[in-house]
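Below is one structure. I have some questions about it.
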Amino acid sequence: MPGHFPVDLDAVRGRHSEHFQRFGRRRQTALAIAAAAFALLIFAIGELGFFDGKLLAGLGRLAEITGLMLPPDPKDWAHVRLFSSALLETIAISLLGTLAAAALALPLAFLAARNVTAQRVVRFFSRRSLDTIRSVDILVWALIWVNVVGLGPFAGALAIMTADIGTFGKLFSEAIEAADRKPVEGIVSAGGGKFLGVRFGIIPEVFPVLVSQVLYFFESNTRSASIIGIVGAGGIGLYLAEAIRTLELQQTSFIILMILVSVALIDYVSGQLRFAVIGRRGVVS
Amino acid sequence: MSSPIALLPDAQLRPLLDAYEASVRSRRWHTLLILACVAVAMVLSSISAEVSIPKLLDNIHRFPSYIIRLFQLENGRPVWTDVAEWFWGLPRWLRLLGETLLMAYVGTVLGVIGAFVLSFLAAANVAPSRWLRWTVRRFCEICRTVPELVFALVFVIAFGLGPVAGVLAVAIHTVGALGKLFAEVVENIDMKPVEGIIAGGSSWPVAMRFGALPQTMSNFVSYALLRFEINVRSTAVMGFVGAGGIGQDLIEAIRKFYYSDVSAILVLIIITVSVIDTLTSHVRHRLIGLQEKH
Amino acid sequence: MLRLEGVTKSFGGKRAVDQVSLVVPTGQLVGVIGRSGAGKSTLLRMINRLGDPTQGRILFGDTDITQLKGRALRQWRARCAMIFQQFNLAGRLDVLNNVMMGRAFHVPTSRALLKLWSDDEKAQALSALESLDMARLAGQRADTLSGGQQQRVAIARALVQEPDIILADEPIASLDPRNTKVVMDALLHINKHFGITVVCNLHSLDLARSYCDRLVGMAAGRVVFDDVPAALTDAVARDLYGLEAGEVVGEAPPVLMPVGARPGFALAGS
């Protein structure tokens, strides 16, 4: 309300000129970044063919497809049995791959951890190789393993294992580096060697953390395992891709629903187990 | 110098030792039980997944030989003897790699925008209505549980072959993954500024803009950058189902046994991913550092 | 006999320990006093070789401790037990296994890694625990114990090392007054009955005066006082501690914060 609260605008502006600048320097930088990001977005959208007129037609078709997906329907009991066994296979692939990866990643993680491995060269190479493994997608690993052991779920389990060695190696080595160094010091001060320090000072401390990470990845690996069938590495992905390609849309949505439910179930169970593993620790510390 | 330990007489020692052994034994049973459960699960899974150690042992030599073969040219010489021959398709691959990066960028930006809006609707402390919050949460769950490639398969049917389907698949998955993370960030904010603004008579969007947003911005950006890196990896395989990017050349090379092409493309992808990994983690650390200084 | 000759430790440009020379005869209970940051802890850690001196030598008998490497170094550490302010136990291991770490040097590594302790070793550990009234808790996880109990486990670990010398780095700084007395009495007992040399860092002057045979005062890394406790006048104490003097020589009980104490746990020593 003008006049209600009299101010000498010019005097205030003189004293606090910085507040009257429309755009401060920080704001200018932020705006410049935002403008550049926006320009890149527009350029990219054009470059990728969003403006080719397919978008609207596609959205219409997508709505149609979504409509045809409902309600989910497997068609008959034979398909339900088929999908269920494929789903179990998917979960088996995920479980095996996850556990095998954890077992193989553990020694690598110790090699890559700063507080265990003093040699910088060893550490550098173990880290780089873990990073390299991580940057190759799980589907590529699946294709490679299919070449080695043939089509089927075994290749899938090996693919999950290989891809996860990279991830677990990195996560485990970070957990090991975060471990309290006091217990190790206690053992070393009594004349214990490196192995004893790791065995009794570090492993018992980090074990629950590692178990919790493995359980967490079991869930996300089940999701990955549900698509590696697309390249022939077993599990429900094969049927899913087939159903989509042949436009069996109600079957498609049924399979997706099955995946959603089983992932949610695994999420719940692994969440409970993780709570049990870390919770016990929370109680005492 | 005598030992500082006076060994206890056997009569006194025995019960102590027995009590210790008893407590160890119960823990050991516990461990064995867990191990047994894991072992049973492993065996059942091995049967289901057709695991065959003999088959693995018989064929394992093919894994290193396949990897070695990847690094040999058609004439059998190692790839680094003729780098020009190895990277003969470089112009095309670089263009596809560029397309992959643009796809990851657009997918991430669209996903971030979607997640940004949804997170304020899904966060328990600021959500305007309960049923809306529930719906948004379930929507995010579906978006992040269904694998990107499945979305891509469906979108390829709707939008035709090409990067549009891949971008939308990545965007949808990003909405789900970031929607959850962003909502958690919003749930952890200090509510006093928001209450102060609402108490001043402002509307919900204004309260979010000036009360909630400033507290969440650096975390949002940090998560978005992390997601961008993940999305670069996943757009690299979108081409496997015809949804654009370098994946289409990669899978063709693998399927048709163009060994040196496979390694060339993989090397390009690995370099790109690690460069982006380094850049984004640098920016993220600076952001987190800034946040801690304040 | 432990002999330090011009021992110096620098971190970056700063000298944490500066030209310390000391002779500790066998069987003495030496208290090292001074304000926090005076270099007491760094000094003790160098004797156990958890840290290496930048300059100077540390001798035990005729052995130059600072030159030891590999197995010989581990042997020295086994002879030179260390007790820490934060106990430095492996929290998720049970008490007995923590004590067994004191035998780490003597047991072959392959056997130790599998926790295959012999009956004699177990008897030794349990006897050491019993002398501190802790044998009943041998099967408990260390991190379920109170601070005072954990420190007693750490002392039992030191005992099974059958050491020639015990270094205690602020052993009571995390304990309540009752456990302070239990721990200090145990150290005194070990020193007087078995003639084991004890070097103990202490923040509290009152405790140092009542337990130690000799006091070494440190300030800014240097030894500024070295005499019997009776010679430590209030004026010297004020020099040593500066503004902290009131806290360490006043009427107040030496340790105010029962950090390690947990209500709800019965203390085994009471």
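Which chain is which? They are A, B and C, in the order written, and residues in each are numbered from 1.
The criterion applied here is as follows: a contact is a pair of C-beta atoms (placed from the backbone, for glycine too) under 8 Å apart; a residue touches a chain by one contact, two chains touch by 3 or more.
Model, not experiment: these values are computed from the prediction.
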Most heavily contacting chain pair (counted by C-beta pairs in contact): A-B
Farthest chain from subunit A, going by mean C-alpha coordinates, please. C
Separation of the C-alpha centres, subunit A versus subunit B, in whole Å, is 2
Centroid distance [mean C-alpha coordinates] between subunit C and subunit A, Å: 46
Which residues of subunit A touch subunit B once you look at their complex with the stated criterion? 37, 40-41, 44-45, 47-50, 54-55, 58-59, 61-62, 65, 88-89, 91-93, 95-96, 99, 131-132, 135-137, 139-140, 143-145, 147-150, 152-154, 156-158, 223-224, 226-227, 230-231, 234, 240-241, 244-245, 247, 252, 256, 259-260, 263-264
Contact set on subunit C toward subunit A in their complex: 48, 50, 74-79, 81-82, 84, 86-93, 97, 101-102, 104-105, 109, 112-113, 141, 143-144, 154, 157-158, 161
Of all residues in subunit B, those that touch subunit C in their complex: 1-8, 12-13, 16-17, 19-20, 22-24
Parts of subunit C lying in touch with subunit B, wherever the complex brings them together: 94, 96, 119, 122-124, 126-128, 130-131, 135-136, 138-140, 159-160, 162-164, 190, 193-196
Under the stated contact criterion, what part of subunit A meets subunit C in this complex? 182-183, 185-193, 195-196, 199-201, 204-205, 207-208, 281, 284-285
